[in-house]
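As structure tokens, here come the structures.
The following pair of complexes shares a single chain, chain A, combined with chain B in the former and chain C in the latter.
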Partner chain A sequence: MEIEQISAHEYEIFFGPAHPGSGNFSVKLKVDGEKIISARADPGYLHRGFEKLMEYRTPIQNAVLSDRICVLEPLAWNLIHAEAVEELLGIDTPERAKYIRVVMAELSRIQSHIIWYGVMSIGMGFDTGFKIAFGYRDYILDLFEMITGGRVYPAGYICPGGVRRDFPKGAKENILKVLDKIDEMIKLEEMENPAFLYRAKGIGVLALTDAQRLGATGPVLRASGMKTDIRKDDPYEVYDGFDFEVPVRKEGDVYARYYVGLEEIKQSIKIVKQALNELPDGDFIVEAFKKPKLNLKIPEGEVYVRNEIARGEAGIHMVSDGGAKPYRVKVRGPSFLHMIPVLEFLLKGAQIADVPAIYWSLNGCPADLDR
Partner chain B sequence: MQWRMVPELFKNLFSKPITIRFPHESIPIPDGYRGEHSYNVEKCISCGLCAKICPNMAIEMMEAPREYKEAYPQKYPKIDLGKCCFCALCQDICPKDALKLTKNFFLSTPDPAAVIKHPFHGEK
Partner chain C sequence: MEDNLENENKLLGKIISKFNVDGRVQRKRRVWVNIDKENLVELCTFIKDEGITHLSAISVTDWIKEGEYEITYHLWSYENKILLTLKTRIDRENPVIQSVQSVWGESAQIHERELYELFGVKFEGNTELSPLFLEDWHGPPPFRKDFDWRAYVREKYYDKENEREKSYFEGG
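Take a look at the complex of A and B:
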């Protein structure tokens, strides 16, 4: 009879889903003392089945549903869904709608990056950063409430054909005021806390080759040294008309990802200001879509639309068989590859204390991972 | 000690807190907020579009109770706020503006029957 040898040093622990800093996601860690030998991601706690739900709803109802794919940036997902439907229908949106969409998508990106900074800070035990971030995020939520009617969920504000409502009176001034506040926050964020630096520099290093091999996109890939941004490479809406830069860092560690996030907030502020300056007059939605359409037939065909959202490359593959409801919708969430292969790779060999820092520096969202 | 925190300290000691005392005061609710529905049965033409567009099937067309049946012979929307996602599609599609979303967000209740809004008040 063989006796299984059990090491007294090696044991398994769970990070999440009940961990305060993990969200609805869990990682099974095999550790030897303080060092992690292997990590296994355990997703599925937030599966809601959007791909199937969308097959049972018309595009205008799906616009509302698409909010919920990612809790932290619903407007970006609204935009992708709307673009996919428009491409199938072959309609063009009015110029004003395009600018409003860019403003909302960028505000959504700023808001999401602020959360990123907040959760990364709290993951490292830097509570002040968390409080600053979530305090300033509320100013942007106030804007969303004024423009879309809801603080977090815009309920399909960006819908096929344009946007559901025009900017209310004073929206432009309010947005500019809030952007000044965000500038204020960036100044606070730039006063780098030494404790933060010690826990961020040289931790969770993702080399460029590994990042490409594992399929990282967006800020994670940019922090590893690759200059890529769908807004520049494959412009959608009116992004090709704006002057902005793509921040890149070479180190690929937690600090580089934090820095890329911070720079992206600055670039987004720049884009919003340009868009507000050039905001044209006119219709905010195609005339035929002013009243929500019940029996809108989508022509037969299939499209894949990709956008740059705060977390990386997001896409929707939509197939239609000519009916009122899509035949198949595939949602590509950027967090999937960040939270499973990249996270497992980075955690291998790391210290237990660095797990939250690495985990949150990848800016994962369990909601769009599980869908 | 870092001296640059001293002016910050005095500023915070004498400035108004950013938080508000919620049940006693509230942040201003903007126009166009999507809160509880208000329904006007007089304007309603019983077209049923709101029930058809509702993504959550929270609206059901129901017949008027017996005492109102003569005056209101058709079907009218019964809204289940527990299912509602407050997307305001029903408000947008309503051809007669009978259904509107108000600014009321005080909707939490321990009574499960209270979340169902009947078109005729007082009827359960």
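Take a look at the complex of A and C:
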């Protein structure tokens, strides 16, 4: 940590980017003793300019590139990109592809929420929670390796037209086995010890009016008492056919966000089981896209596609002028709002010791912030 | 199955009757409206009172051939479950537009700050437009269509001594 001394009790400290618990992102804190007077987010360590890069590439290349928008849930970004291109092209994917996409998106949400739980635990000094989480997450990564070929990055598995490969033999049984493992993990997660509750309850309280003004979405907004989920309100793929609930808490503190995350894992498991049960036979990709279409022209037009990913609302605004490459792509990452306005707001007036708890309870991903 | 577009048409009708604008219903839950930049803040205040409380994103498209920037506001209504997109065009040489920070608060502020850095669009009334992602950047706004990053990298960072870079830039 770099420390710049101003007076005996007022000084500035950096939380990140070299702090072990911050990711590629930093917050500059002005503190008076133990109390934070003001916080200023300093993003940009992962700015790769995806919006510009995509203007130089065709949708086939962008499908692979879209992996990298968020390290922790590449499949979700794959899906949004594919949906945007499909809407512009006006093609409908086969039923089976839609179900496979839902299964993959939900597995991706589960593993992302597991990371969330892990980093939140380590932020509060509960190392065991971190190890449990990353241990169990590996089961899902094994599934990803079996289905997409990549443990973390699926390399454009969900591509315009459908998915790149069908489920391999035994996928269904293996997924169900892994879901049982995740059930096992949830039981471990649910153990509430007093030390955890002391560090989570009443800390980093985000009221609903503030949450809306600051642009919070997804689990952060739901933990502040707003019942909203894009999968329900603005359904995509086949989400409107599944039976699941939207967990909501009223408190808006770190504990509420932890609780919502945990409940969402249970709901995702429910969705995956339903999707596997109803998985139809048939094609997994549109016939014309079975071989990568190299001279694909995107018709003129523009679309805005939104998905509910683990962190909140993700969107892609794609504009095409009729060429082979998109004219403009705007990527809306949920962490952009959570890690700048919301985080700055919550840290003001907090104690230094609570910074990691608040920081990780927002489930930020510097990668989708900087883009 | 035909979608019922009653709510979408109702919202569009409300906006059209109040302001002189044109718009269309793209599909279920998607409404697009073209507006004048003079109307922007007034229209935003009006639709916010109509229940469109969430600013999802602001985006800029650089139409270089027409010499215009297109600013796009994506707005979501939690009540009516409609995504309303407002589009307005401004001059590319003098890109100035009113800020909507007074309507949507900090969430608008941070989106505008990003776009000021990447496109150079000035948002009048925004309280802070300092650099966000780019450190020590003195070049033109990098997301403009006339900024060629490949040429920039080649001119600035191309190392003729480096074999790998040579093969990338010169082939072979």
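Heads up, the rule we're going with is that the second predicted complex is superposed on the first by the 364 of 371 C-alpha atoms of A that agree within 3 Å, B and C clash if a C-alpha of one lies under 4 Å from a C-alpha of the other, contacts with A are read in each partner's own complex, and residues count from 1 in each chain.
The working rule: a residue touches a chain if its C-beta (ideal position, glycine included) is under 8 Å from a C-beta of that chain, and two chains touch if they have at least 3 such contacts.
On a predicted model such as this, the values are computed, not experimentally measured, just so you know.
J.: Put the two structures on top of each other at chain A: do chain B and chain C fit, or clash?
T.: By the criteria stated at the top, chain C and chain B fit after superposition, with no clash.
J.: Please tell me which partner, chain B or chain C, touches more residues of chain A.
T.: C
J.: Name the contact category of A:Lys52: first (chain B only), second (chain C only), both, or neither.
T.: Once the two structures are laid over each other on A, A:Lys52 reaches chain C alone.
J.: Let me test your reading of the model: by the given contact rule, A:Pro168 touches which partner, first (chain B), second (chain C), both or neither?
T.: first
J.: By the touch definition at the top of the document, which applies to A:Pro17: first (chain B), second (chain C), both, or neither?
T.: Neither partner.
J.: When the two structures are overlaid on chain A, which partner does A:Val64 contact: first (chain B), second (chain C), both, or neither?
T.: After superposition on chain A, A:Val64 lies in contact with chain B alone.
J.: Taking the superposition on A as described, I'd like to know which of chain B and chain C A:Lys330 touches: first, second, both or neither.
T.: second
J.: Tell me which partner A:Gly225 touches in the superposition: chain B (first), chain C (second), both or neither.
T.: A:Gly225 contacts neither chain B nor chain C.
J.: Examine A:Gly125 and indicate which partner it touches, taking first as chain B and second as chain C; both and neither are also allowed.
T.: After superposing on A, A:Gly125 lies clear of both chain B and chain C.
J.: Regarding the shared-chain residue A:Lys291, is it in contact with chain B (first), chain C (second), both, or neither?
T.: It touches chain B, and chain C stays clear.
J.: With both complexes placed on chain A, how many Å separate the closest C-alpha atoms of chain B and chain C?
T.: When the complexes share the chain A frame, the smallest chain B-chain C C-alpha distance is 8 Å.
J.: Both chain B and chain C touch chain A; at which residues?
T.: none
J.: Touching residues of chain A toward chain B in the complex: what are they?
T.: 57, 60-61, 64-65, 135, 142, 145-146, 149-150, 153, 155-156, 164-165, 168, 291-292, 294
J.: Quick one: in the complex, what on chain A touches chain C?
T.: 43-44, 47, 49, 51-52, 212-215, 217, 226, 228, 233-234, 303-304, 306, 313, 315, 317, 319, 327-328, 330, 332, 336-337, 340-341, 345, 370
J.: Please name which positions on chain B make contact with chain A in the complex.
T.: Against chain A, chain B makes touches at 18, 27, 29-34, 49, 52-53, 55, 85-89, 92-93, 101.
J.: Show me the residue ranges of chain C that touch chain A in the complex, using the header's touch definition.
T.: Touch list, chain C to chain A: 26, 29-30, 53-57, 59, 61-62, 72, 74, 76, 78, 81, 83, 85, 104-107, 109-110, 114, 118, 132-135, 142-143, 149.
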